[in-house]
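Okay, so chain A shows up in both of these, paired with chain B first and chain C after.
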Partner chain A sequence: MSPRRSKPIDWEEARARIARATAAIEGSLELSPERARAVLDERARAMAQMPAAPPPADRLHVVTFALASERYAVEANHVREIARLTAYEPVPGTPEFVLGITSLRGEITMIVDLRRFFGVPIKGLTDLSRLVVLGTEHAEFGVLADEALGVTDLRRQDLAPPPASVAGIGREYLRGVTREALILLDAAALIGDRRLFVDQGGNQDR
Partner chain B sequence: MEKDELIRRLMATFLGELEDHVRALNCDLLALEKKPAPEVLATLFRTAHSLKGAARSVGAGVIETACHRLEEILSGLREGREAASPDLFQLLFSTADAIQEAGGRLKRKADLAGSPLAELLPRLAAAAGGKTEGVPLPPEAPPMRPVEALEGGFVRVSGEKLDALVTAGGELLVARRRTEARAEHLASLLEFAERWQREWRAVRKDVRSTARALPRRSASVLEKSEENVRALRRNLDSLAGGIAADARAIEQAAAPLEESVRRVRMLPFGETCEGLERLVRDLSTSSGKTVEFVIRGADVHLDRSIIEGLKDPLTHLVRNAIDHGIESAAARREGGKFEGGRVTVSAALRGAQVEITVEDDGRGLDVAAIREQARRKTWPLPDEDGEAVKLIFRPGFTTAPIVTELSGRGVGLDVVKTRVESMHGTVDFSFQRGRGTRFVLTLPLTLTTVRALLVASAGHGFAFLGTNVRKLLRVGPGDLRLIEGREMVICGESPVPLSSLAAILGLPGKAARPAGAKVPVVVLMAGDMHAAFAVDELLAEREIVVKSLGARLRRVNFIVGATILPTGRLALILNAAELMRGALHQAPARPLAAAWTAPAAAAKKRLLVVDDSVTTRTLLKSILENSGFDVTAAVDGAEAWSLLQERGADLVVADVEMPRMDGFALTEAIRGSKRFREVPVVLVTALESDRDKARGIDVGADAYLPKSAFDQKNLLQTIAQLL
Partner chain C sequence: MPKDLPWHRTLNARMGGITLALFLLSLILILGNLYLLAAIRGDAAAINFSGKGRMRGYQILYLAHRLFDVTGEERAQVLSDLQETMKLTEERFTKLRSGDEALGIPPASDAAILTQIAEREDLWRREFKPVLERVSTLSSLEEAKMDLSRLRTVAKRYIGEIDQGIDLEEREAQERVGQFQLIQYLFAGLVIVVVGMVFRVGWGISTRARLLSATAERIAAGELALSAPVRGSDELAALGDAFNTMTAHLRKMIETEKEARAKVEKLIEAITETANSVSAATAEILAGTAQQASGAQEQVSAVQETVTTVDEVLQTSEQASQRARAVSDSSQRAAESGKSGRRAVDESVTVMGTVKEQVESIAENILALAERAQAIAEIIAAVNDIAEQTNLLALNAAIEASRAGEHGKGFSVVAAEIKALSEQSKKSTAQVRQILGEIQKATNSAVMVTEEGTKSVNSAIKVVNQAGETIRTLADTIAEAAQAAAQIAASAGQQATGMSQIHQAMKNINQVTQQNVASTRQAEKAAQDLNAMAGKLKTMLAS
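Moving on, here comes the complex of A and B:
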């Protein structure tokens, strides 16, 4: 017999312990909406995080996306986010390649249809329900895509120098093409392109 | 705190202080130049001394040395060792400018070596007479406060932070409107439950007697139904009460919050005028004119966006006033005026607007010279002088006979006008030959939340600023007058030119209206312009949060911004002045009268378009609408099914892959229902295998169009065959 048995059982204490345990278990199962939101946010952040370490020099960190029948890539450090396009508003009088504007968490963002920008003939009907938002310091504009394919590393040696044009896109916007026909666009050239600043004022600002 | 972080924050604080110090230097130097006074010298000295200490703590050696020299020069002046010559003042002013420029460099993390300030150092040393005693700094510079607190309970906050507050506040406003909409939705649900309960009560007896004949389980369900409806109604009732109370509570908390944010952003008008005084001084020195500069209403408070936006227009107008307005001293004497000219800038509140005037007592505008220039540029020239002088706002206009160093650089009054109009303001002017010119800018007090009229046109939402809306009318074909080939409506006493908003914006117009129907018309005014615009619908008048069109749409004709509606959709905010000019100068493309006289169109066929992609949905909808169909759109099969129950349709065009209910399931549901069995279904899909096609035919689709080979002619032909 253990010496413990000699002690009378403290039922009060036992009940209190069970109650505490129950509360703890229930508390861990039933999250308050705030807590649930916090947990989900945390998870979303963890998932959305791009690997922090810069890729080795022989590799390029890229975001790939599908548009019509082609697959494109842009360097990840020029991509602010990938958003789902659920609503947009056309802006009258803007160039044809500007589909319109949309609100990304309250900030208005211009939507560009790269096919029209590059002058690639448009065939068929595709989803165009994703927005690849380009920019470095802040969001510059969103590029329409059918699907975001993910983030991968490209080996520089797998990248063939661009021919004069690929799929109707001029060399000035190209960084290269892989054997799998993934077209690496020059995001910096797109971001810096004057045509992608719409300014219809008759007078230039100083 | 990390060391880098500390330095970064110290630098941010330093740069903020630097701006204040430069401002103080300029202000006191101007005062000193006008009237030498020992107390001004003392303040200047203190400013130079604090800036020196601050510069040392962030290791900005060039600024530190420059301030040290300033101290020496100032003590020289105080002790009478130095003479306050115009050259010396020029050097001191240049130093203030160069310190500001150096601050800019530090902000950009650029080097100060080779900066204008570094280049001024030898001249400063020479002016200080090579003396080096100055006032030694305490061996340890006082540590700067990394906290952004200033004396007197004031806190320095960056403009971006304030803008972020407004953005967040704007989201809150949208959410509040949404909550209101939810409360309304709930109220209608409650009404529905009440009706249901009444209906039950009316047939209660019958139901009870019928129930007796039913099997026990059915009987009990039937009997409990009334109780359940009552419970449902009770719960809805308390839920509706709760939501209404919440909405009120949110409103009570949010409204003062918004008001405080709005007030925090308000800055005194005097801040816009900073730098103007210095400008006047520099201009009068370089032109040899004596000009007195007066600011009135410096304490009128305006939103910082307006304050910022006014800086360039005011600078331009003041420059013009001195360069072109104020005459030389000799000319003024001849004209019997005081030798010294006077330029006044003032601000005054006029209701929810502010009126800003820039006035000079110079020569006024020269109508002949304006006409002459217009002739040379072969511009169309109005007969009336009152119209001709408005040419000064035309791009390319300049009256400066010689392009001076500071004005007349091709940036003209048109820029002033464009800027002010983009802030929803107007520019007016008046002048008296030989007596002076007066420009009046009228602007709203804030640009962040404004009262606006929301309208629909060509299927899109647009907003007019409340201050531009003069009147709302409903116009029938009989109200139109044709004057000089233009359609006009009578508003009050006078006819106002009428255009279709969609036509001016280049959007497809609304097809024929039923004869006798009235069209909503918005009469706008800006300055002395009036014009009326026909729209499809007047939606609401409410407070909206004004947003810019984003980083890339800098200037778009007729549009100055956007706002987010409670539905989550965007509405474009129109530039009233530009729109009116567009309407007045452009021949009416589509006479409105034609909209009524068109033969009554046969009842349109009603199509239901279903696609989960917003781009595809919008594209299909516009193709079909342009072909004369009445189109409703749904985001997936489930929504389509409920829309079909609600409104019916003559034909359905659906995508296959969709969340909740896909195209196959939707087709099956349609074929399985008694009511819609005969409605043709066209599937437009990315699933192109034979098996998918077979499945499509199997569930009863009438046509199966592959997206990859999509062609609008093909779609329209298919639809025509099926209808």
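Moving on, here comes the complex of A and C:
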């Protein structure tokens, strides 16, 4: 929309446009019977197409999420849930990668920043609005994420071992990298790591 | 004639008085003559009447004698004649005594005549009449002889009486004639005296006049020392006095004339000197007039040039007047245009005010729209939140489904569907947000534009007001210019009039200048004449 118009306004056209817009808005609020039927038909077709294909054994159910400019994946059976991070409290005396704690339906959950945990340099702006809560039987801790991307299947042969350049502390938590640069984390290892376990007894060595 | 002369002394009065006296005397004489003549005539009549009485006496005597000569008819006739005659005789006495106008007899006035008449009457009554009556009764001559003789004597006495009376009357008449003659002589004598007086007065006048005339002649001949003789106090005396006064005056005049002559001689000397100086002056005047003539000639040409210039100026001023009128007209039209311009500006200001209000209401509408858009944004945020939560729910459902393994397969499909829907709604909300952002931008720019528009309208109003002010000033200026042009037109008209007057005046001046040239020539001529006259005068005075 230009601030200055060289041409005079055609008021007839303007009125017609306003009428059209009004009609469109009114039309968008309630679907026409044809449109509703079309939507329902399409949904039914989509449902009907869903084949009862047996999940292949070589496939992994993973939950993918984005953090900074990287995409990560964890096995779905190690994910308790994905929650929104609305508020958290920093806890003094915790390691650097612990952002703080938050309450998930009354349960105190620790928030881990994987970038700090892996020593990835922090750059760029992030949302950090999602929390991927890991755990098998019960929630262990939440991993900070920009966005939860979804649940997807991943073939095992697509996975490549982590590149050799990735060394140091983080290597034992990685299971592989796909061609799409999706990093599959070893959730079990993360859960099992003592450093990431908040003990009630408070055995904090770092 | 001197006024103090008494009227009775004047010659006129004297001569007139004499003449009047003569006239009165003549009148008295004539009246007296008339009276005397009447008396004389009466006397003559009386004498005649008395003579007739005598004849009556004789007639009576004759008739008395005749009475006895005839008889019968004739005697009766005679008797009646006698009685008639007796009667007439008796009547005569009254006629004699108291006069009879028919016969021209005056009543008797003389005492002698009256006594004589009385005696006669007495004689008649006492003797004559009784005898006569007795005789008339008698019839015979014998018887009457005595009486007849007595009658003759009585008759003689009676006639003698009558003669006596006639003598008396004649004497009286003679006396009267004598009186009449005396009066004639007296009158003649008087006339002679009067004529003598007139002659005497005339002689006196003539002598004195001659004397005066001789004196005047001698005075005229130059004997001014003479004085005229003055006698009496009449006109001639006054004339003599006047002569004397005149000679005295003349003497005095001659003396003054002598003095004057001396003065005149002095004057002539002065005139000579003056003639000399006049001669010199006329020479100078001649030179001057020559210069003046050439100057006047130059003036003529200059005046003609001026006339030409004035004509040109007149034309120019007429053109100027026309142009000024044209300017006045056009400036009047301009003033009209200025007025309509001002009206247009006022309308523009009104319209601008409306536009401003409308723009402001547009801005308010747009702000309201923006606020509504804000509400939409909030709703969209809510929808987005719902979508996100739905997405999360779908994710969690998918996770739960995958954990459930084969049993969660259908559920995972539903979860994927829900996730797709949530993503779709997220996309839609993103689109809506984008649209809202665009709307926000558009409203922002619209508000800005309307603000600018309002500002523009304000400045336009300001500009229009300024324009109105300018137009008003312009209109005023134009009105002033129109007035000035009208004044210029009027002035130009007046100028044209003035120029034509100047033109006329220059023409007059030209005429006057030409007259001046002519006059200068005349003056030159006059100066030359004057010079010549001065020369002549000098020679005359020198000789």
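The rule we apply is simple: the second predicted complex is superposed on the first by the 136 of 206 C-alpha atoms of A that agree within 3 Å, B and C clash if a C-alpha of one lies under 4 Å from a C-alpha of the other, contacts with A are read in each partner's own complex, and residues count from 1 in each chain.
The rule is simple: a residue touches a chain if its C-beta (ideal position, glycine included) is under 8 Å from a C-beta of that chain, and two chains touch if they have at least 3 such contacts.
Here the structure is a predicted model, which is why all the values come from computation and not from measurement.
Asker: On the A-aligned overlay, A:102 touches which partner chain: chain B = first, chain C = second, or both, or neither?
Answerer: In the superposition, A:102 contacts chain B only.
Asker: Should A:123 be classified as contacting the first partner (chain B), the second (chain C), both, or neither?
Answerer: After superposing on A, A:123 lies in contact with chain B but is clear of chain C.
Asker: First (chain B), second (chain C), both or neither: which does A:159 touch?
Answerer: Neither chain B nor chain C is touched by A:159.
Asker: Looking at the overlay, what does A:110 touch: chain B (first), chain C (second), both, or neither?
Answerer: After superposition on chain A, A:110 lies in contact with chain B alone.
Asker: With the two complexes superposed on chain A, say which partner A:93 touches: chain B (first), chain C (second), both, or neither.
Answerer: After superposing on A, A:93 lies in contact with chain B but is clear of chain C.
Asker: Answer with first, second, both or neither: which of chain B and chain C does A:61 touch in the superposed model?
Answerer: It touches chain C, and chain B stays clear.
Asker: Return first, second, both or neither, reflecting whether A:141 touches chain B, chain C, both chains, or no partner chain.
Answerer: first
Asker: Of the partners chain B and chain C, which touch A:79 in the superposed model: first, second, both, neither?
Answerer: It touches chain C, and chain B stays clear.
Asker: With both structures fitted on chain A, tell me whether chain B or chain C touches more of chain A's residues.
Answerer: B
Asker: Enumerate the contact residues on chain B facing chain A in the complex.
Answerer: 167-168, 170-171, 395, 411-412, 414-415, 418, 460-461, 505-507, 547-559, 562, 564, 568-572, 612-616, 618-619, 684, 686, 706-710
Asker: What part of chain A is in contact with chain B in the complex they form?
Answerer: Within the complex, chain A contacts chain B at residues 69, 85-94, 98-99, 101-103, 105-110, 123-129, 135, 138-141, 144, 196-203, 206.
Asker: What part of chain C is in contact with chain A in the complex they form?
Answerer: Touch residues, chain C against chain A: 388-389, 391-392, 395-396, 398-399, 401-403, 406, 409, 412-413, 415-417, 419, 438, 441-442, 445, 448-449.
Asker: Quick one: which bits of chain A touch chain C in the complex? Just the residue numbers, please.
Answerer: 1, 3-4, 43, 46-47, 50, 52, 55, 61, 63, 76-77, 79-84, 130, 148, 150-151
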